[in-house]
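Paired with subunit B in one complex and with subunit C in the other, subunit A is shared by the two complexes that follow.
Our next item is the complex of A and B:
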């Protein structure tokens, strides 16, 4: 297992070494690309002087805030639409008309309303992370075993108790899948906001490095964004395993 | 006996026909989306009586049970409980479903599933643990409290459903083919379990089954329904002495006679 992992690293490491060697032999002076070693050094400097961590904090703050608001709204709407078929039919057209709007297209609108800063970025992230949670919540609730609802009725639970004791726990594993998808989208959209308009965070840092002709720093940001994304995804998958691991394990036994 | 199992409203079981009926159907009809499900159903159930319902599939056995439970309402006519029309589920009426795999909460342990009923009654958290243990012991699930339903056998899951029903202190148990999916040995063990629980609590039971011998073995009375639309076609009183025994009760001439009578009824119905 461990051997297989190391084997997976052979190709990318070889490619980096090859790039490094090519730079060393050709003595290229370039404003558009940089040697891996130069990117590594620039990344080290940016990390140690705090600027890159500051940018990471900005991006993650916007992503998490947007994900929280969007996820909350999606969960609430999904619960309502999943439990009230009448409202679901009423809202279906509106949702299907608004949902396909690329969230990036909202950047100019958000910029006009909120100006530069966290607020516009959070707004766009909120929009984009609402939908995965809403859609998964709605379908998770529609897929709940009807017998369980009957049990809840027979025990005379009121609406809130029914949601809390039956609907949410039954639907939660699938809702979390929606939340995980939304988390991935949130980070992508946050960085996109920063690259295209908002002067904060990792995306802006990368843009600045590019425009000030520092390809080494630009590449360092690119690699760092990859690392952050990987950690973010790992956190979500680990959380999912921790929260629903036993349930997921016993599921096939039914 | 722990106080938990003493039904609140049940006094000594009155003789059938003596006092006013506990549950009564008055000319109940049910039509769903143009399909006539039940027509002119009328019968009464006395307090403490064990009534079994049999009939070919599609005759509305389960539907009559759901009408009593208040999960469904008749199109015309009336179902009454203690003389008042049934408007919805009641605290002292417990329902046991056939499909234990779906009626239990898979994300809660055995103890958690029993707790659900206690939560519905508003039993304070501090009192729940003891009552859950008492109930699990009572249905033969001692030491299984931390296992999840899908880690239990079918028979044990049905025992767990019985425990959840008993947690409600029911004066009426509605049982919808509860043992239909179990093997013969487990079924007999649970039949006796139910009989002893009913004997101890004096609960009234409405028991839907497709097993005619089970109906005769358990019931004070067996109601036979006919399909298309569902209607009452036969009522037989079972005057086998209690307590009943899986071997000797089933060998008595009365038992064999009643069994024959019901088999003939079903055969005629399906002809």
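Our next item is the complex of A and C:
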């Protein structure tokens, strides 16, 4: 196991060393790319003076707020559509018509309505993180063991009891998978918003570093965004394993 | 049975039309300012106007071209790299952790880097699409190769097949479902990155058009563009699903 870890480090470290060596030998002066060591220094400065953490906070705030609203809407709609097949069939066309709209196409709409700021970004994140939760909730409910529903009927549960005591607990592991996918999408969409329009957060910081000819800071932001994304992803996967264990090991429907 | 299916299709279509009618009512009653929300009639008129005046067509073609060329580029690279990594356990050990680190990275985050390196050019947009849409295909190819039934490899060894023909005749066909799923995801990513790329570089396309429409408060044009992009997403996904069902027909028969 230790050997495998060590082998995994060979490629990225080798690449970094190669980049560093290329800069050292060629004495290149560039406004578009910087040596790994320069990026490391710029990243250290930006982290210690707080600007990068501030930007991270902005991005995460927008992503989490959008994820909460979108996840809530998706869960609610998924529950309704999953428990009422008639409604599900009636809504099919509408959902199939709205879902394929690329989330980034809504950035200009949100810009028009809300202007710059958190609200615009949260609106776009909300739209895009609704779908994974909605789809997974609906299919999770459809996949519930029919005998459980029979049990509920035999026990004369009313609708609320059926949802609370049978449907939700049985569908929860798969719903969480949808939530995890939505969380990944939320961060991606938040950063994309910031890069293409919204002047806050990590994406904007990176864009500014590029435009003000600070390639070292830009690369530092890129690596930092990677680190944040990885941690976010890791948190979700760990939470899923802790909360649901093997019950959550279902592959998302593709 | 099929009669019922058509009935439900029609019913859900009617509901969809009802929603559009509701949108029209809200816009007509000016419950939401028409600056933000024009009615579907005005959006539709803007769409027709755009096509009649010949403005919209080259933009649509530009976006579609970028999306498809970038996607093909990514597919080729993704499947080739995925094959190289998937076929050898050692390569999987060396590159796997790096890939796992890069996977959650928002692909739009490399746009500033790409601008710095290549400028605001067509090649930069294609490069970004190619890089961003590469991941789903690369990862699904690696996954597909890892999930090949081990007995098939045993058979190939018994038959004395060369490494190349093992890849071509066994590993690639049996990871086809995974690869196609990755390609479907990649197509969505390609459309998104094409739009973002156009917004940032000002290349002629739908992404740039809707951003300019929003900035100059031409809401009907903006909604027309969003509708067109939604349609583009829908058509491309359906087309690929059709290809997929044809390519994977052997699998359904085998079951």
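Here is the rule we use: the second predicted complex is superposed on the first by the 245 of 254 C-alpha atoms of A that agree within 3 Å, B and C clash if a C-alpha of one lies under 4 Å from a C-alpha of the other, contacts with A are read in each partner's own complex, and residues count from 1 in each chain.
We take it that a contact is a pair of C-beta atoms (placed from the backbone, for glycine too) under 8 Å apart; a residue touches a chain by one contact, two chains touch by 3 or more.
Computed from a prediction, not measured in an experiment: that's the story for all the values here.
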{"item": "Partner chain(s) touched by A:151 [first = subunit B, second = subunit C, both, neither]", "value": "first"}
{"item": "A:112 touches, of subunit B and subunit C: first, second, both or neither?", "value": "second"}
{"item": "Subunit B versus subunit C as contact partner of A:160, first or second or both or neither", "value": "neither"}
{"item": "Partner with the higher number of touched subunit A residues, subunit C or subunit B", "value": "C"}
{"item": "Which superposed partner A:187 touches (first subunit B, second subunit C, both, neither)", "value": "second"}
{"item": "Those residues of subunit A which subunit B touches in one complex and subunit C touches in the other", "value": "254"}
{"item": "Subunit B residues within the subunit A interface of the complex", "value": "69, 71, 88-91, 94-95, 97, 99, 101-103, 105-108, 116-117, 119-120, 148, 150-151, 168"}
{"item": "Contacting residues of subunit A [partner subunit C, same complex]", "value": "4-5, 7-12, 31-33, 89-94, 96-98, 100-109, 111-113, 184, 187-188, 191-192, 195-197, 203, 206-207, 209-210, 215, 218-219, 222, 225-226, 229-230, 232-233, 254"}
{"item": "Complex interface listing, subunit A residues touching subunit B", "value": "145, 147-148, 150-151, 153-157, 161, 165-166, 169-170, 247, 250, 253-254"}
{"item": "In the complex with subunit A, residue positions of subunit C that touch it", "value": "8-9, 11-13, 15-16, 19, 35-36, 90, 93-98, 101-113, 115-117, 181, 184-185, 188, 191-192, 195-196, 199-200, 206-207, 210-211, 213-215, 217, 219, 222-223, 225-226, 229-231, 233-234, 237"}
